[in-house]
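Both complexes shown next keep chain A, but they swap its partner, so chain B is in the first and chain C is in the second.
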Partner chain A sequence: MSELASSSMHGAPPLGGLLSGPPAIVAAGVDVFSDALRAQGAQVHDVDWRPPGFGDPADLAALALDPRRAAANRAAVERLLAAGSQLVDVRPASEVLDLADRMLLHAGPPLEWSNASGPMRGALVGACLFEGWAASVEEAQRILAAGEVRLDPCHHHRTVGPMAGVTSPSMWMWCLSDPVHGGQAFCNLNEGLGKVLRMGAFDHEVQERLRWMRDVLGPVLSAAVRGSLDAGNDPIDVKAILAQMLQMGDEGHNRNRAGSLMALRELSPLIVAVDAPSSDIAAVLKFAGGNEHFFLNLGMPTAKLALDGARDVPGSTMLTVMSRNGTEFGIQTAGTGDRWFTGPAQTPVGLFLGDYGPDDANPDIGDSAIMETYGVGGFSMAAAPAIVRFVGGTVPDALATTERMYQLTLAENPAMAIPILGFRGSPTGIDVLKVARTGWLPQINTGMAGRIAGTGQVGAGLVQPPQECFEQALVALAEAARSA
Partner chain B sequence: MSLRSGVYADSVRLMQVSRDVSALDGVTGVLVAMATPLNLELAATMGLAPDEPTSPEQLLIAVRAESEEALAAAAAAVEAALTARERSTGTAAAVPRRTIGAGLDDLPSDDPALAIVSVPGPYAVAEAADAIAAGRSVLVFSDGVPVEHEVALKRAAHAAGVLVMGPDCGTAIVSGIALGFANVVRPGPVGLVAASGTGAQQISCLLDMAGIGVSHVLGVGGRDLSAAVGGLATLDALAALDADPATEWVLLVSKPPAASVAASVAAAAAELAVPVRSAVLSPGTPDLTAAVESLLGDMGLDVPTWPSRPGPAAATVPGAALKGLYSGGTLADEAMLLAAPALGDIRSNTPLRPELDLGADFSASGHVVIDFGDDALTVGRAHPMIDPTLRLDAIAGLAASGEPAVLLLDVVLGYGADPDPARSLVPALRAAVAAGTPVVVALIGTEADPQGWSRQADALAGAGAAVFASNSAATRYALDLLGASA
Partner chain C sequence: MSELASSSMHGAPPLGGLLSGPPAIVAAGVDVFSDALRAQGAQVHDVDWRPPGFGDPADLAALALDPRRAAANRAAVERLLAAGSQLVDVRPASEVLDLADRMLLHAGPPLEWSNASGPMRGALVGACLFEGWAASVEEAQRILAAGEVRLDPCHHHRTVGPMAGVTSPSMWMWCLSDPVHGGQAFCNLNEGLGKVLRMGAFDHEVQERLRWMRDVLGPVLSAAVRGSLDAGNDPIDVKAILAQMLQMGDEGHNRNRAGSLMALRELSPLIVAVDAPSSDIAAVLKFAGGNEHFFLNLGMPTAKLALDGARDVPGSTMLTVMSRNGTEFGIQTAGTGDRWFTGPAQTPVGLFLGDYGPDDANPDIGDSAIMETYGVGGFSMAAAPAIVRFVGGTVPDALATTERMYQLTLAENPAMAIPILGFRGSPTGIDVLKVARTGWLPQINTGMAGRIAGTGQVGAGLVQPPQECFEQALVALAEAARSA
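And now, the complex of A and B:
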């Protein structure tokens, strides 16, 4: 079979056919021409141009004219889109992560105990108790305040964690691998909803669940995944599940229902084959099946793999990280490596559980905005009409949100198709320059943790990053463009 | 055979693609499917098994055809089917498009399209860069665009095979669509490349009056032929018109260019198949009308008598000052170039030589030509073709000064211009004539313009002005009145 021929450019009309017939006109700026053009029967599309939301004009120009930008963004996008995600193992964090002695990982940009929010402190305390580094809440608070436990962002360890994202050595980790670029990414196991460590709860119910996850859930899942691979089966394709769940009413961040069921469908026969007491097997299946966010901790490292694949592309203005630690929101870009650009985390707006209200909500927290960075979650709201009321909107709002996000992004991800938009690919690859020019900030769907340590989840809703992150990133990218 | 990673489509969709492509002539086998074990088995039974390792998340595109042409057509059809977007069935509230890039995204990629940018100068570059990145030409109306942005944009446009018209490009006609300040002229075989808006208007209007139409008027911006820009857009526009079947003759219109650039443009023009005549204003070739007449000669056509309204027999005013109050920069240049040999130095806000700079004192005595369309005078106000205030003030000031003078004006008609310029000018001109100042008007337009050349000419002549369709004829008439014929 011969190679497929590409079309020849020979004899192409000049200027892309501009001189061959009356052109359609797309106009931005003062309306000097449009009426006269319409009077001539021309097809005119007026752009609703506004001055950029932020950014020095010289910086915006430096980026707009950076000859590296188009190719760099194309390269970053291609790497993001090409990345795959396979479930290759389940191991304790202490085995697979490069953790110093007495180190806890957390969500978001770097953080000190002194400026940690309530739910972050709650989760850190809970993790110290779980690891046996402290016998009481007070002792845990003391050693954390004294700096005896090192804190480090998950993102610095190829890891992501939802909400507080606190990851300790004894926690079992999903181990995912990108067969295209060879990357690895990790995420702990999801605890379910309500009073859970990631929402800042740390009481005895939380501790008991964490111990069961350490002693039963982790080992069973590990044996299940390893047993299947040992038997010569292909690893579970997590990216394929993410793609399919978008066609089943999930957006992959706040709604993971279909994805969790599909993951369970893949895992169940492997779990049942594990040599463990049938009561443990039943408990594992019940726990996984009863947790609508079971898949989130598989979806997040899938997105992380793709975005890590797009790291370190000089000249690219594409985001590789959006993440929050409950105090600050941080972003990174493909063109600026590991550098964080941060601003104060905003408080989400949405619906509350039970009697909780807006005053109970902590500012934005969690690495889960990696889903939006990847183009799903809030960016694919249109795929999840079932969720829009939960996050306080209407179906047209959801469609409009996704439509708006297309104007912030560099590509449509053909793997992540949105049925209601005619299977258009999800808006993917957030461009700092487009964020500045439109003045629109990325839309993130998120859970809300209680402001007071120990509360747990209080609701879910919508949030945006603080503009400051993008302002700093724009300055840094423009500096890099000028010195390139 | 092609294997692609990072592409997922559901099996129903892929089955539709396979079915549609297999219906093409000369295609004998098609399988477009995810490379799952099941589909690989299917491919093997069809004799389309891939000869490289696959994984299930890859998209397998296997086509067998009777000829290379059919194979290429099938490949293109697969590509088109995979990227085709169905119409949304949702009802999102309309989301405004905020950038040229987003606006162009909505258009079918194979239909001709042009972007127009008139945002404030410092922001124009990002919008124009969007158009270039989308493979579209762009007209930049904005002024105040830094020259280094212009050079970078034009280099990028050249690489992308598109054209940047501008910045500060106010006039273009593309495939019959008049953009900005342009006149209603007939279609025809002459292509204009214009570094000057009013110059292009003068030439296209005179051609129209001679019965000759234009194919396109491609503006390139007033700085294009400067040493800094080096004629980047002029060279691309000439090449485009050379390749355009509708264009049989090309006329290049500009203000005085940098010498090095003039030479390189002339050298490039000589290489083209289409004949290129230059209407580049310079002391040696000062006359746009003459350039049109030469072109008509090239075409084997007679030069018509250019329309005029000589007005009342005006007594000459020897020794009086020439006061040229222009809205068009190139027309002002032409007037100065024609008059300087007869009158000597003419002071101006856009002078022929730097030492003749008028500064801010527009009421200076002696020979003065002012371009009210100059960027410095349009900050925060509309162009004088739309807003006559500054020029009316200058006319009134001249009458009040009592300095003996001949008043020379341009009035530019067409799209974008004042819908009835005579209305505000007539009282001012009548007052000037009554005060003993002869008035000469270069009226640039066509009968088909919304304002109508004859209608405006009659009104201006009624105020006592002598009216000419040719700016050089108007200037020479003014020189006659000054007793200083060149």
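And now, the complex of A and C:
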């Protein structure tokens, strides 16, 4: 019994007791806070408080009682876990994607120019300039506003794109293949950090880099990958690199340092063997070596392959997509096919570059939340404690976040082991029903684009989906369960 | 009060009470064990037991009362912390080391052929064959036994060598420089794992690799490093790579994956620019990219530079060397200059490759314990939880080891931050007095060589120095304190 409590019981003035006695501590929420106090010798009383769950009780009951659910979720998550990812080609988007004339792909759920955010507009304008569809920013804005350029989500084309995710016909794509389920997935090449198209910048510097990527980087990488396969070598196992990253302090979304180095180690000997001017070879090695997010555009289609492998499993409440277009956050589930459930995108909270601050940040944007959908990124922050220096928070927060995500997921991915948790597999396969029951939302690590078109990156931070997405998905899944 | 205790007090048969009541748990030692039980709801009574300290009370008192000690240790550890490490050249040992005719350097304290262990003999034989001083194994053994080849510790030549550490005139050396104190340190090039000279293997495969390293690898690396410096580029900052490794799951002794990748990223563009046959360039990139310990031979001289910077500080009880020759373990301190304090090398406990087992392991060998002397390696295992899959033990052991090493050290190295400990600096500057007072010995991660000459590596594990080294150092430091 604390001194405070005993002095009160003996009739001492309560306020005097408050000041003279030791503090009485009541902690609600994650254990790390009360554990830290306990480690300092304080007596802490834990309250097992949790945010309230959500959803119509009838809907929750319909899903709970759906006889298909357990087997369907097991099937979906097993397909997710089994999927592999191999780098099989590097090709222009025009050759490998099913693009209509004058079509641009973008991140997130479907979007019109009229409700596109600043960085999305900036990236769309930049892509029109890059493709030569407009000679000026004004002309690009005009043709986009007039609907003369068709917009379509990357996810509708087996493609994922970080941040704005704008993908145009002349961009070169990593082409990945799942040797287990036979799927394919695509992602363009990472431009680096700062003033880049995917962050909404579109000026001369951005255009020049995009042209170099089209004329030098893409052809060299393509020749490197094709040359190696033609010589009878095995394709690069991208899933194995992602797995090894978690042993090396990366979480695969906002920290891709080890992954980028490993990809470079695999690609360098192939690049050196390409018949191209040595200045081009050196420039490619320097560009790839100088970009700590080089691997992100290989990790994302690896996650996409696995989640596409788990699509269309009637009765499954597992997520197959989380994605944001800068205006809305959208999710899809294995039990509801291609249908989007959307809500307003939240603005991340985190750390800012240079003089930028919270007012400069655009709402959440990018297909990169496919990493969390796959169980890495924010879900595996415990593997990457150093990331708190980039996205904010503390190391105990990072550990607690991963611990919490196990409550939302169907499985632990043995291929994605987290050393500090005794090699426990990452929390994988987000279950809409578990999200509704706990009231906890998935945790996403993300970059932050400037909300004004043309700005580029302003920071990185943490964000969650809006609850609305899950509420809608829950209703749709319950309807499907009742009519099954 | 537990049910067990209360039932005993009421006269129930004690053995019946033992079986029917909950267990009473008393835990001695590191907190992680009792914390784990507590997390499962058990009531645990901690006993603050520690191993007994050692040393003559008069010697301990002489050191405790030495008025020079505090300032001397501060000076020594500040010099250690301030030291930098830049890669300034790659040259043959014959050009940069002060070697007598027919001299071989070896790891650890001074050694004669007559008391050399199997792997040390194997490496010495292999070096004689490589240098052409003998045409057969038998001839090499004969000239070594006859004293026709002079043996000298690497540490006597500003050099460090992993495992047997045998360094011969024709081997190429990484040449590192400390821009703060102006020191220099050297280490030969890493051969990779398995059947390699430093593990005591000397057969045809080993000789062929050593010749390729002499004729191709060394000249290409030398031209790469010199070419870059001649072009006006800054030297590669090796200390910065070591610091970044701890953010990426390496501890810098037995786990060098991220460091090797980062070194490769820095060196690749320089290697590609070398005017050499493209097949040689490709072979160098492949060799370096395929060796996860490529960085170790850059990390060791980085630690050596810092510890040489802290040499010869009268009154300091800080270690400047921990090193093993396969027969003896030797230490030096900042307060006692070049004097060695030695004891019998222990045999590591750990994990074995293939069919090898504990009986195949040679006692502790190598200068690589310079990493622990610098505060990384075993001292920073908390940064590298995945290493337990290589050296044995559990993740909580790794965390507890680093926590324990803070009790033996003078400072936390802010440049070597450990993310999982909230970016706490690594425990740095081992204090002989603290070792004696706690009775705890430094923890070293190490490779294990086969005890039969010619075997090569048999595993990796954990080992501690013999207490004798510290007992002798304590006596010598106390004598110096009394006569100061």
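Assume the second predicted complex is superposed on the first by the 432 of 484 C-alpha atoms of A that agree within 3 Å, B and C clash if a C-alpha of one lies under 4 Å from a C-alpha of the other, contacts with A are read in each partner's own complex, and residues count from 1 in each chain.
Keep in mind that, in the parts below, a contact is a pair of C-beta atoms (placed from the backbone, for glycine too) under 8 Å apart; a residue touches a chain by one contact, two chains touch by 3 or more.
Computed from a prediction, not measured in an experiment: that's the story for all the values here.
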| item | value |
| --- | --- |
| Contacts of A:247 with chain B and chain C, given as first, second, both or neither | both |
| Which of chain B and chain C A:422 touches, first, second, both or neither | both |
| Chain B versus chain C as contact partner of A:262, first or second or both or neither | second |
| Partner chain in contact with A:404 - chain B first, chain C second, else both or neither | first |
| Touched partner set for A:395, first chain B, second chain C, both or neither | both |
| Residue contacts on chain A - larger count, chain B or chain C | B |
| Touched partner set for A:273, first chain B, second chain C, both or neither | second |
| Contacts of A:137 with chain B and chain C, given as first, second, both or neither | neither |
| Contacts of A:36 with chain B and chain C, given as first, second, both or neither | first |
| Common interface positions of chain A, toward chain B and toward chain C | 247, 395-396, 420-423 |
| Chain B residues within the chain A interface of the complex | 1-2, 5-10, 13, 48, 55-57, 62-64, 68, 71-72, 75-76, 82-83, 85-93, 95-107, 110-120, 122-127, 129, 131, 133, 135-137, 141-142, 146, 149, 152-153, 156, 161-163, 174-180, 215-216, 239-241, 243-244, 246-247, 415-416 |
| Footprint of chain B on chain A - complex, ascending | 1-2, 4-7, 13-30, 32-33, 36-37, 40, 42, 45, 47-52, 57-58, 60-61, 63-65, 67, 70, 78, 81-84, 179-180, 234, 237, 239-240, 243, 247, 382, 395-397, 399-400, 402-404, 406-407, 414-417, 420-424, 433-434, 437-440 |
| In the complex, chain C residues that touch chain A | 247-250, 257-258, 261-262, 264-265, 268-269, 272-273, 278, 281-282, 285-286, 289, 385-386, 388-389, 394-396, 419-423 |
